[in-house]
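Presented sequentially are two complexes of chain A, the first with chain B as partner and the second with chain C.
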Partner chain A sequence: MRVAGGILLMCSVFRVLSQAETPPGLRLPANVVAGEAVTVPSNATGSATFYLAGPGHVAKRNVQAGQNIQLSSADLSIAGTYQAIICYGDECSITNFYVAPDRGKELVFLVHPSRIAVGQANAISAVTVALDRFHNLAVQPEAVTFRATTKENGVSSPPQMTRNGIAWTRLNSGMKDGTVEISVSLGQTSERRVVQQVASEPCHLHVSAEQKGNQVVLQTEPVRDCRGNAVPDGTIVTFTKTDKLGRSTVDAPIKKGVARTEMAFGGSATISVACGVVVGNDIRMGGPR
Partner chain B sequence: MRPFVSAAVCLLFSLPGVPQTAVVNSASTASLPSVKLTASRGPREIEDLTRQKVLLDYAAAWKTLAAGLEQNRVDLLNDYFTGFAKDEFTRTIKEQAGTGIHRHYVDHGHKLEALFYSPDGGVMQLQDNVEYEEQIFDGAKLLHSKTITARYLVLMTPAADRWMVRLLQDVPAS
Partner chain C sequence: MKYPLAVTLCAVTLVLVALGWLNSAKASGVSLHPQASPEESVQNLFRAVRDRNWPKAQSQLANADQVDSSAFVYDLAGGDGSLRTYSTLEGVEVSVVHQNADDALVRARLNWSTAVGSVSDTRDLKMVRQGDDWKVVWPVSQTSKIPAQVMSVNYLRWDVVNRGPEGDWGTASIDPPKVRIISMNAVERPDSVIVMGEVVNEDTIPAYVNVNAALIDSKGAEFREEGSFDKVSHVLLPSQVTPYRIDFPRLRLNQVKQVRMDAKVAAIPASADPVIGVMNQRMETDALGKKLLSGDLVNQSGQTVNIAQVLATCYDDNGKVIWVSDGYIDRALLPMTPQAFAVDLPPDVASHVQRFRVMVNHYTRSAS
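The block that comes next holds the complex of A and B.
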C-alpha cells in the first residue's frame, strides 16, 4: 500500500507540475481559410502575451483577462501552418493551426516564345499558375480554359483542371503570319499574352541582276515562305559574287519585302543568293553561258 | 485556324516518367542542408546539370532563409528568393525584428520531388518533404521548440545564374 500511495503521490505531483508548465492552450477553429478573420477566446486569467508566428506574418500582443484575441484577415492572409502561443510569465502554451489557401482568383500566365515561325507543331508553351487573392498557390483543382485567337478566328480548349495549382498546354503555330492572342481564364479572371507569328524559311528565293556601268544591281523578288507569308523586314539576305579576283559577299537586310544591293562588276562573274538555310538561284554574268 | 483547333484539342498533360534521384552531397556543399531530388513526372525531363543546380540552389535558399529568420536580416533573402516568396519572408522578418522575435532552425534534410517542369524551362514546381527543428524566441526567451515534418510546394524560376524560389507554401501532408 505504501508503494501504491507513493506512486499516486508522485503522479499527482507530476500532473500538477505538468499543468504548471503548460498553461491551457488556445482553441482555434480546425479549418481556417486564408483571409478569414478569427476570434480566439484567450482563457487568460491575468495578463498574458500572445504571439502569432506564421509563414508570412508575426505578431505579439498583450492580452488581458477575459479579452478575446482577434486575428484579422491580414493576420491570416498567407496560407500555411501558424503557431499561436500564449505566455503567462515564463510559461507558454502553443497551438498549431493551418490556414488553407482560398479558391483561385488570380492567374500567373507564362507563354513562350513571344515570336514563332508559322507551321511549328507544339511550339508554343502556355503555363498558368492559379493563385488566391492573397497570392497563395490555389492547390485545390480549378478548371481553367486556354484560348487562341487571331484576327480571323478563335478556339478554346476544353476546361482543364489545375494540378497543385498548375495547368499547361502546348499549341501549334498557325499557317498565317500575324499576332495570335493566347489567353487563359479561370471563372471571371483571365490573362492574355500575344505571340507574333512570322514567316518560316524563305521559299523559291530568286535574285535578278542588272548591270549599270561597272556596278551590278542585285535585287530579290519579294521574299516569302512556302505558305506565301512575307519574310520579315530586317531578315538578312546574303549575296555572293565570285569572279577572277575571288569571292566577295554582301549581307543586305530585307526592306519592304525585298533585299537589294550593288556590287562592283569587272567582267565574268557568278552571283548567288542565300537567306538562312535557303539557297536561291545563281546568275552568270559577262561570260559565255 | 485549323492548327489551333487541333492544338487546343490535343492538350498535353504531364505523363509519368522514370524516377531519377540526385543528391547534394559534395564536400563543397557541406554547410548546406541535405537535399535529395526525385524527378518522376512532367512535360519535360530535367537535365542533369539543371537537377544539380536546382538541388544546390534550393539548399542554399533554405540556408539563407534560416539565417534571415534567425538574424532578422532581410538582405539575406536577395540571393535565392524572388516574387511572392521574397515579399512574404521580407514581411515576416521585418515583423519579427519589430517585435523582438526570431526563429532558429535546425534543418534535418529535404526530400524533393519534381512535380512539373515547364516545356520552355521557365518554371519548375517541386514538392519538398522536410524535417526540421524550429525554435521561436522572444529576445533570449525560448517560446517554443518542436521538430516538424512538413510538406511544401515550391515554385522555382531560373535567373541569370541560379534558380530562385518564387513561392514556398506549406501544405498539409497528403
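The block that comes next holds the complex of A and C.
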C-alpha cells in the first residue's frame, strides 16, 4: 500500500512539475554508498515536502524552514539511481543521485557439477558473485581466493580480482575418487561446496564362475576403473548366460565392490559380463572343450 | 370342454413360466440339463470364476479331488498383491481344438480387466466326458516352493536430501543425473507411428527418467507430443539401459519432418533391490501361430515382487532398435521361484529380429 501510495504521489509530482517552474534543487553528496546515512541541506524557506524515490524504496517527509533532510541507512540500502524531489507548494525540483554498492561482504558460490568422473580436465566450474551487506552486487574489484581440498591435500589459487562482482575458475578433477571441497574466500568470508569425484568406466572387467550343484555362481573381481578407483556400488553389471535353453540375463548391482549372481546350470553354457560400454571376459562351462 | 379358453390360457402361462425359469437358470449358470458340449462346460466354469463362486467352479473339474482348493483360487484370483488381485474376468472366448467321443481339447482365451489395462491369458484345457457331462481336467499345480530360510541381503539404497524451498539462490543443489538417449528410431505401423529407442543412465546415482517426443511437420511447427508413459523403466540405476516406446496413433510417417526428443531427468531415492533375472529368453511361436519372446523371471531376492512388467528390446542385424514390446506379469514374483512370461512380437518385426534384450520393471507394495 505504501509503495502504491508513493507511486501515486510520484505521478502527481511529475504532473505538477510539467506545469510549474522548477525551484532550486537539493545538493546531495557526490559519492553515496549503500547503507550510509546522509544529511541533505534543504534550503527551505517555508514548509516543503521531500520525496525520495529509489529502486524498491519510496519515502515522503515534511520539511520545515532551516531543517536538514536526514536519509537513514535503511533509506539508501539498495544500490542504484535515486531521485530526490523537493516541492514548495506546486513547484518541485528533482535531483538524481547514484548510490553505489558497499564493499563485498557476502559470496554466492556456484559449483558445477556436483558429481564428476576422475581425470577430467577443466571439468569443474566454480563461479562466485560478491555481494555487499545489503545483497547489492559489489561491482568494485575484490580479491577472492579459490581453494580445492581433498582428504590428502589442498591447493589454493592466487588471489583473483572480481570483474563486475564476478570471478570464476575451472578445475580439473583429481585422479582419486572421493569428495573434493571447493571453497572461495573474500576477506573473512568464505563459502564451500562439495563435489563428489567418482570412478570412471570400469577397466579389465573380469568374472569367475563356480558351479554349485545345479547352480552356477558368477562373481566379478572388484570392479575398478583404469586408475584403480572402485566403481560405485549400485552400478549395474549385466551377466549373460547362453545355453541350449536360450539366453539368460541378470542385471546385478555392484555391492561392496563386486557384482554377484546365481543362475541355473544345465550343461554347456557360455557366460559373459558387461558394465556400461565395457565388456568383460567370456567363460565356457561344461560340454566339449 | 366347458372352459376351453381358460384352460388354454392356463397351459400357455405355465409353459411360458417354465421357459422363463429355464432361461433365468441358464443365465445364472445353473445346470438344469447335462452340459452338451465342451464349450458350454468351459463357459460354465469361467462364469463361476467371474462370479468368484469357487466351490461351484471347482465342481466343474474332472479332477476336483486332486486339485488343491487354495491353489485353484490362487491360480485364478491371484494372491500376494499380484496384478491378478486387481483384475476382473471380463469374458472368455472358447474354441474347440479337437474333440473325440470321450475327450476334447478346448482353447480358452480369458480376457481380464486389470489395473493397468486389459490382459489376455490363453489356456488349452483338457476335457473328459463323464456320463452326459463334459468336465475340465485342471492342471495340477507343480509349483515348487523354496524351503524356509533366511536370505541375507546387503541392502543398497540411495536417499536424496534437498535443502527445501527455503534454500537460498546460489547454494549447492543436487545436479540431475546424467542420462543420455542413445538411440531413436521412428517406424510406421498400420495405424500409428512409433518412436522407440534406448536411454542410459551414465551417472553414479539413480535417475527418474521420462522420455517425451515432439513431432515437427514440414513447416517446422510442433504438432504432436507424447510421453513414454509405462513403456519405459522410469527408475534407472547407474549404467542401466532402458528401452522406451512412444506411440502416436492415427498418424503416417510422411506427415513427420523431424522428431524432437526430450528426456526429463531427476535424482530420486531408489533401491538396488530386488534383482530379477530373466532366464531362458527365446523366440517361439505359440499355439495360435503368434510370434512370442518368452522366458522365465526369477526374483533373486527374499522379498516378494507384487507386480512385474517386462520390457523387451529387439534389434536388427545393425544393432538398431526395431521394436519395443512390453507385458505385465499377473502373478507375483515369489523369491527364487521362476515365473514364465511372454510378450508378443508383430510377425513382420519378428522376422528381422537378430538380438533382443529383456529388462524388468517392478513394483513392490511394501517398498513404494
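Convention: the second predicted complex is superposed on the first by the 269 of 289 C-alpha atoms of A that agree within 3 Å, B and C clash if a C-alpha of one lies under 4 Å from a C-alpha of the other, contacts with A are read in each partner's own complex, and residues count from 1 in each chain.
Assume a residue touches a chain if its C-beta (ideal position, glycine included) is under 8 Å from a C-beta of that chain, and two chains touch if they have at least 3 such contacts.
What you see is a predicted model; the values in this text were computed from it and never measured.
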Partners on chain A (chain B, chain C) - clash or fit | fit
Applying the touch criterion given at the start, work out whether A:Val198 contacts chain B, chain C, both or neither, answering first, second, both or neither.
-> second
Using the superposition on chain A described above, determine whether A:Gly174 touches chain B (first), chain C (second), both, or neither.
-> first
Using the touch definition from the top, say if A:Ile78 reaches chain B (first), chain C (second), both or neither.
-> first
Of the two partners chain B and chain C, indicate the one touching more residues belonging to chain A.
-> B
Figure out whether A:His112 sits in contact with chain B (first) or chain C (second), or with both, or with neither.
-> both
Contacts of A:Glu91 with chain B and chain C, given as first, second, both or neither | neither
Answer with first, second, both or neither: which of chain B and chain C does A:Cys275 touch in the superposed model?
-> second
Which of the two partners, first being chain B and second being chain C, lies in contact with A:Thr150: first, second, both, or neither?
-> first
After lining up the shared chain so the two structures overlap, which partner does A:Glu210 touch, if you call chain B first and chain C second: first, second, both or neither?
-> neither
Quick one: classify A:Glu262 as touching chain B (first), chain C (second), both or neither.
-> second
Rounded to the nearest angstrom, what is the minimum C-alpha distance from chain B to chain C in the superposition?
-> 6
Footprint overlap on chain A, where chain B in one structure and chain C in the other make contact | 110, 112-113, 129
Seen from chain A, its contact residues with chain B in the complex are 49, 51, 53-60, 78-81, 83, 85, 87, 90, 92, 94, 98, 101, 110, 112-113, 119, 122, 124-125, 127, 129, 131, 135-137, 139, 146-148, 150, 152-158, 160, 163-166, 168-175, 180
Residues on chain B engaged by chain A in the complex (per definition of touch) = 1-9, 11-12, 14, 43, 84, 87-89, 91-92, 95-96, 99-101, 103, 115-116, 118-120, 122-123, 125, 127, 136, 138, 141, 143-144, 146, 148, 150, 153, 155, 167-172
Residues of chain A defined as touching chain C within the complex | 108-115, 129, 193-194, 196, 198-199, 232-237, 245-253, 255-256, 261-264, 275-276
Contacts from chain C onto chain A in the complex sit at residues 154, 156, 158, 169-170, 172-175, 200, 202-206, 237-240, 272-273, 275-282, 295, 300, 357-359
